[in-house]
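Here chain A shows up in two complexes: once beside chain B, once beside chain C.
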Partner chain A sequence: MPTANVTDARMTKFKNKGKEPSKLRERRIAVCVELRKAQRSESILKKRNISSLPDDEALSPEYATDNKEVISIAIEEIICNVNSNSKEQQTRGCQAARKLLSRERNPPLKEIIDAGLLARFVDFLGRDDDPTLQFEAAWALTNIASGTSWHTQQVVENGAVPAFITLLGSPMLHISEQAVWALGNIAGDGPAYRDALIACNVIPALLARLTPDAPVGYLRNLTWTLSNLCRNKNPFPPLSAVQQVLPSLVQLLHLGDKDVLSDACWAISYLTDGSNDRIDVVVKTGIVPRVVALMEFEELSVLTPALRSMGNIVSGSDQQTQVAIDAGVLSVLPRLLRHPKPSVQKEAAWAVSNIAAGPCQQIQQLITCGLLPPLIDLLRNGDFKTQREAVWAITNYTSGGTVDQVVQLVQSGGLEAILDLLHIKDAKTILVILDAINNMFLAATKLGETEKLCLLVEEVGGLERIEQLQNHENDAVYRTAQELIEKYFNEDVEDECFKTEATERDFVFKPAEVDKQFNF
Partner chain B sequence: MSQPSEPPVDAPAVTAVPLPEVKLAATAGKKQNKKKVEEVVEEEEEEYVVEKVLDRRVMKGKVEYLLKWKGFSDEDNTWEPEDNLDCPDLIAEFLQSQKAAHEAGGKRKPESEPEGAGAGAGAGAGAAAEESRPKKRKDEPEKLRGFARGLDPERIIGATDSSGELMFLMKWKNSDEADLVPAKEANVKCPQVVISFYEERLTWHSYPTEEEEKKEDKN
Partner chain C sequence: MFLTDIRKEFYDVVVNQRVALFVSSDVDALCACKILQALFHCDHVQYTLVPVTGWQDLGTAFLEHKEQFRYFVLINCGANVDLLETLQPEEDTIFFICDTHRPVDVVNVYNDTQIKLLIKQDDDLGIPAYDDIFRDEEEDAEDSGNESDSNSEPSGKRTRFDEGAVERRIERQRAKREWEARRREILFDYEQYEYHGTSSAMVIFELSWVMTKDTKDMLWWAIIGLADQWVHDKITHMKYVTDIATLQRHVSRHSHHNEDEENSLSIDCMRICFEYDLRLSLYQHWSLYESICNSCYTTSSFKLWSMHGQKKLQEFLADMGLPLKQVRQKFNSMDISIKENLRDVIEESSNKYGMKDIRIQTFSVHFGFKNKFLAGDVVHAAAALLENVEKEENPSDNFIRALDSLSRSKLDQLHCGIELAKKKLIAIQQTVASCICTNLILSQGPFLYCCLMEGTPDVKLFSKTLALTLLCKYLLKSFVRSTRNKRCKLLPLIMTAPMDVEKGTVIVLGIPPESETSDKKNFFGRAFEKAAESTGSRTLHDNFDTFVIELKTEDRSKFLDALITLLS
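Then we have the complex of A and B:
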């Protein structure tokens, strides 16, 4: 093979041509390794807050340790700096504290508190002459307030709240945002601090920061803090506060960012988790159609609170439930009943159970919108908690439904499905099932078809199960089972081997039949 | 069986005379009737007053009501056939309350979640993954990376788009630590460096005809 010697020199300048494959491979691997290292160190730096800036390198090895001595030395230095009169030293001390408090493992919250530093940090919040100092102090206090109730209490008792509310108005967006965050942590502690903040007029101050040009990160923090102000029961937030926040919540709920939507939805779920007048306040904003739309999102972070909100709304009055139905909730529920996640199935079934507790017109809409088949599937295949909700749906349905509607339920396999659940351990649920069966028999009575229903129950092995329940340890269960047997299955007390040869007959209550005609 | 011609409005009398023992014989229908007749015969002067109607059921096609008796405890409540009763007001009241209860719908409010006041942020108080955290700690370091470090680019030593965006691995002057910068940013801030990177990696593909010509020349 002739070798082109003249071209060798030039060839070496090319990346690939003329090089030996093994050398090329070596080089490729080296570059790949470099890339991987860079990405890995990037993600590690994100987690560990080990900065590699020249001025911090001296400090980082110390702060990465759990050694109590090292930490207390570091804190002593912080105390020194923070109590000095020099801006630079104060900032350095504050920043060092902030770094300790934002490291991944075991941030020394208590040590910082015990060092008496909080009072100084709160002072620094007011230092409009030094935004860096304000920012570091705000960050440090935020992280302390993110701890237990005791930690949050220390922050509040050092007078941080009015200072943070003032900081909301800072011209520096990152400082204002830090104040929002800190207040969110304080509000999230519980109803007491939540209401204390509300009494300090935190809501108007926050809402004033809600502008269309706010960056998305800022909006996310704002929405989260607002949601914490809606959170918690015993007691609920004051109604006046809720009414102040709602219009802005509605606005936020129409934005596109998923994190904002998620937190705004959680806020709605907290506000609807209460008495019907609380639900009313929310429903009157006209937000329900948007909540239905949010239930169609793939992201669980949005879907979960939307579904929870809707479940809360339909646990309200019939009118409130009708608003939800008019907004199209019944067209999105079937998909959620079939959702791969069991918790979603469960919440969807709970919502359906409450809709089924309404008047027969609403039950009719359940049928029309195709909710029976997926519901019955859940009875058969759902996990236990989901099955329990589905059972409630069936019982509520049989209680409020017309005779025709009950027949439809039986024909769709509803009776068989609940009979199959009679083997479960939970006595309460068994009672609910027996209730449903009773209701179905009441409907059958009106049609004069109790015998046929008995046969159907027997056919699918239900009679055996009910008979077994007469031996159940739970009082109410065996009594109810007994009554059921007596009422409908013991027409001829003497003949215990009573059996009909009615297999040829055309039953109304036979589930396999598609034909819905009644025999009377 | 005596019956007052004008029963007082709020305390209607009942014709039948129930006794506590009767309810225990619930399963033995025939026995129950017998006993009742006996009681009536023995104590026909006594009347018992219904205090309240508590429940309703249908037994073998007959409507029965569960009655609370005035002067008796709840343990003495009994089921009585509708035909035996003469307390239409109490029955109406019961039916009305049933209707109202049903209108309330049998709705079930959400389960009360134990809202832990002051749940620690990092501890993750066992809440569902999608639950919104009540408190959050700010961990994010304000760390400068890439061009924000303020260093001068020396050379690009690699490229990757595994994050979805084309990134260059940049070697900086006076630093051993290379890091990733977005290509979009590098194209603007140091175009010559980017060009060098691409130039180094240019490859020429030769066509078959050229090769053949070369061979022929050699020969």
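Then we have the complex of A and C:
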């Protein structure tokens, strides 16, 4: 009923109805704060004077200020100290630089680089006689490498890579750890530096530090750095490097620390995000059952990368997907489809869509494991991105499934759910839905029950929706919709015309005449 | 923000400006409007008066006037939502809001530039402290970096911060989470209940008094504004009595003031008197009998919908010793001798019949020699005119008519209103009687529920907020007296009545439980919103009172189910 729609649309305009509450709240706060700001700034300043002092009491003003002059004076002092010959002064200068670089707001990365300090810092990395200096220099360089690509580049070009790799072997754990961290930053910059590091044999050096007695903090850094070495495409890391890292990753995936698990899992997800032969390398390690187990974790930090990895694996070959199914992925996915976080629902739906793209035996396993009800729920209630994945799942299912399987889907409410989605704007998704509908009709034709399906579509208001799509601005959509109607609903359409002519003659007087002309 | 000096911060600001005056459809708003209009006339302030019936209306009115006006005065609307968010005005637009709706939206309270609240701060407002509900964006920005950690890919690079910095960051995040949880709690407590504050007419009257521009007419309107809050059950008895006392001081000041002139009574003089009068609606314009039969206090006490009640009424009349003939004829034509100490006679018998509070503090007005009106009766008349459903009039015609009925030069309009009010009270009593006799009030667990079906007599009248409010209140009072179920006596009531047959909607209204000591706080607004949200019911929250909504008829059962679950 058009009036209903009008009211609904109007409703959203008032009293915050229809707007997302969380957004609303954000906005309210923002607006208000702005308005109050002027008046309050004075009192805030006063407060700051009192409360911020104890925080920074150990630090001189330069570590908190953004004042250019104060910083440049501090840096000049650092230059002076670092370039002197006295050990104490060098350490003091290096530490001052490190402190500047460790502050939370606007650390002066560029200023330190421009001061030409990096070469000296890299020198200090080799000073095995002075661990404190080594450590301070390593920390400072780590933080510079954590900046933009340009910042990282300056660190590398000053020869830090070999120095850090050497430093990995330091007997002092905290120094070695700092080296691990710095190398992680360099590897995380992109494929080029990643491969440069790999070429410098960073992997054996890192893996040598992976011992059972390593403290958790150390292991976290190590895992993260390893994951960065697996990260990034175009190109992928060399296969030989992957082969080197994988056994250790498998080991790490069996540890108990959540952060280690998370980063190791992300590494797996990077490695599986590629062609089937890349996936194969991972699957062959036998890690898939463990990934399934990790998908059952409550912590999103573990669940998310595990689910991502699994999604990647089932996007591979039928055999690879079968390994995942045999590992029990289908018993975990229903729960994830119902996960409170939309992002998890979306990823889970994506995984299901890829399994549904498999042979009908795998589709049968989807049905057996009860994935249809949660999937159809998502079609109805998921957010848009999730719905899109769920639609793909349906279309894949209908194109690969047997007639019986398609019938089962329709009986479970799948048809009605996708028909309801035809009102969305996205043309691509509509085409995918129309494809699924077409597949269902093909199945119905095989059974000789086309009319039954037509009736069903009409009953749930689908015909009306498809008819409206004939006015869609997208050519492909309108043509597909038209084809569907011509192929399966043609008689009905004529019937409908006669009916309207008879009942509402006054209203459709003219269109009826036009129709007649067409018939001639 | 609240204005502390309404004269300086409001009146002196608008006095040389053009003002748009948006007035809600209730009697208190009408009265406040009358006083303000009188002041504006005095000082030649140019204004445009626009009646608004709901949020949609307000939005449209704002759109239509925002080009020509910078200053907007809102009466009995606008305080309880974030107005800037709702209307999206330009930055130099300024709203002066005189509204009894509570709680006042916190953004309105703390906005210093565009929202000026003409609200008495000695009202029990309970505004949360600024620091408890708002934070500086800087503080927020610092911590936003680590928010989405667990959900997305880890960063490719990481900076190593000072140990201290990490601890401080963690500590800040913890504090922030705690603060947010507390904020939610505070806001929930603050926004949970809806209620009404000091009458807008009284607030505006006080302004006129501060400016020494107050007249007797203005005072009378302030009185009617307060009476409206009493009649429509918006404030507690305590608050009513306190405010009556305030007004009484003004009344005696005025009568004192004009004593000399008053001695020479003239045809056009105006006299306001404090009265300790009967809680019998419109009796001076009706017959005593009809008034007793159609006043909530007496009908519910006698249970007049039953035979037994009717009998008791006869006994009561006999006890007073008033001849039936006198009681049934027009009050004006009753014997002077009977009228003389009528109130005492009625009070005495009422006490015997358990009606201890038959009298109530109020005021009356005399225009010349002939016309005398009680404040409550004027409220009934004006409300009946506001919601006149007899002719197909548009709401703004009704509004103007109701506004006119408050002018002493338009007494004919007031008499019209009184006639309408009689019909309305009769309709209400008949509906109450039929609802109770046919057991239409159902206990749903956490609340009572009564649904008026399409086709019920006078159903059109009850699609209006004020009429439905009165019906609800009278029905609940009567039901509480008639039921033997003790638990039911303590329940709030929800009523639905057909609203728009074409659109297929009903009006839904919820009122708090009936009790002597009721704080008149209403939690249905929040509950309705939540129930609608959780069921996807198609609702329209257009009324300035959030406990009145419009609902698609076919969504009614799922909406009610959700409400039961929510409140159990």
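In this text, the second predicted complex is superposed on the first by the 430 of 520 C-alpha atoms of A that agree within 3 Å, B and C clash if a C-alpha of one lies under 4 Å from a C-alpha of the other, contacts with A are read in each partner's own complex, and residues count from 1 in each chain.
By our rule, a contact is a pair of C-beta atoms (placed from the backbone, for glycine too) under 8 Å apart; a residue touches a chain by one contact, two chains touch by 3 or more.
Just so it is clear, the model here is predicted, and its values are computed rather than measured.
Judged by the touch definition given at the top, the superposed model places A:Asn185 against both chain B and chain C.
In the superposition on chain A, A:Gly316 makes contact with chain B only, while chain C stays out of contact range.
In the superposition on chain A, A:Leu300 contacts both chain B and chain C. Contacts of A:Glu464 after superposition on the shared chain: neither chain B nor chain C is touched.
Of the two partner chains, both chain B and chain C are touched by A:Asp263.
Taking chain A as the reference, the larger set of touched residues comes from B, when chain B and chain C are compared.
By the touch criterion stated above, A:Ala357 is placed in contact with chain B alone, chain C being left untouched.
Shared contact residues of chain A, touching chain B in one structure and chain C in the other: 14-17, 31-32, 34-35, 39, 99, 102-104, 107, 139, 142-143, 145-147, 152, 178, 181, 184-185, 188-189, 224, 227-228, 231, 262-263, 266, 300-301, 304-305, 343.
Across the complex, chain A meets chain C through its residues 3-4, 7-8, 10-11, 13-17, 24, 27-37, 39-40, 44, 55, 58, 99, 101-105, 107, 139, 142-143, 145-147, 152, 178, 181, 184-185, 188-189, 224, 227-228, 231, 262-263, 266, 299-301, 304-305, 341, 343. Contact residues on chain A toward chain B in their complex (touch as defined above): 2, 14-17, 31-32, 34-35, 38-39, 41-42, 45-47, 49, 51-53, 99, 102-104, 107, 139, 142-143, 145-152, 178, 181, 184-185, 188-191, 224, 227-228, 231-233, 262-263, 266, 273, 300-301, 304-305, 308, 311-312, 314-318, 343, 350, 353-354, 357-358, 392, 396, 399-400, 442, 445, 482-483, 486-487.
For chain C in complex with chain A, the residues that touch the partner chain are 55-56, 59, 81-82, 84-86, 107, 110-114, 130, 134-137, 142, 149-162, 164-165, 168-169, 502-504, 538-542, 552. Contact residues on chain B toward chain A in their complex (touch as defined above): 27, 57-61, 102-103, 105-110, 112, 115, 117-118, 120-121, 128-130, 132-141, 143-145, 149, 157-158, 160, 162, 169, 177-180, 200-204, 218.
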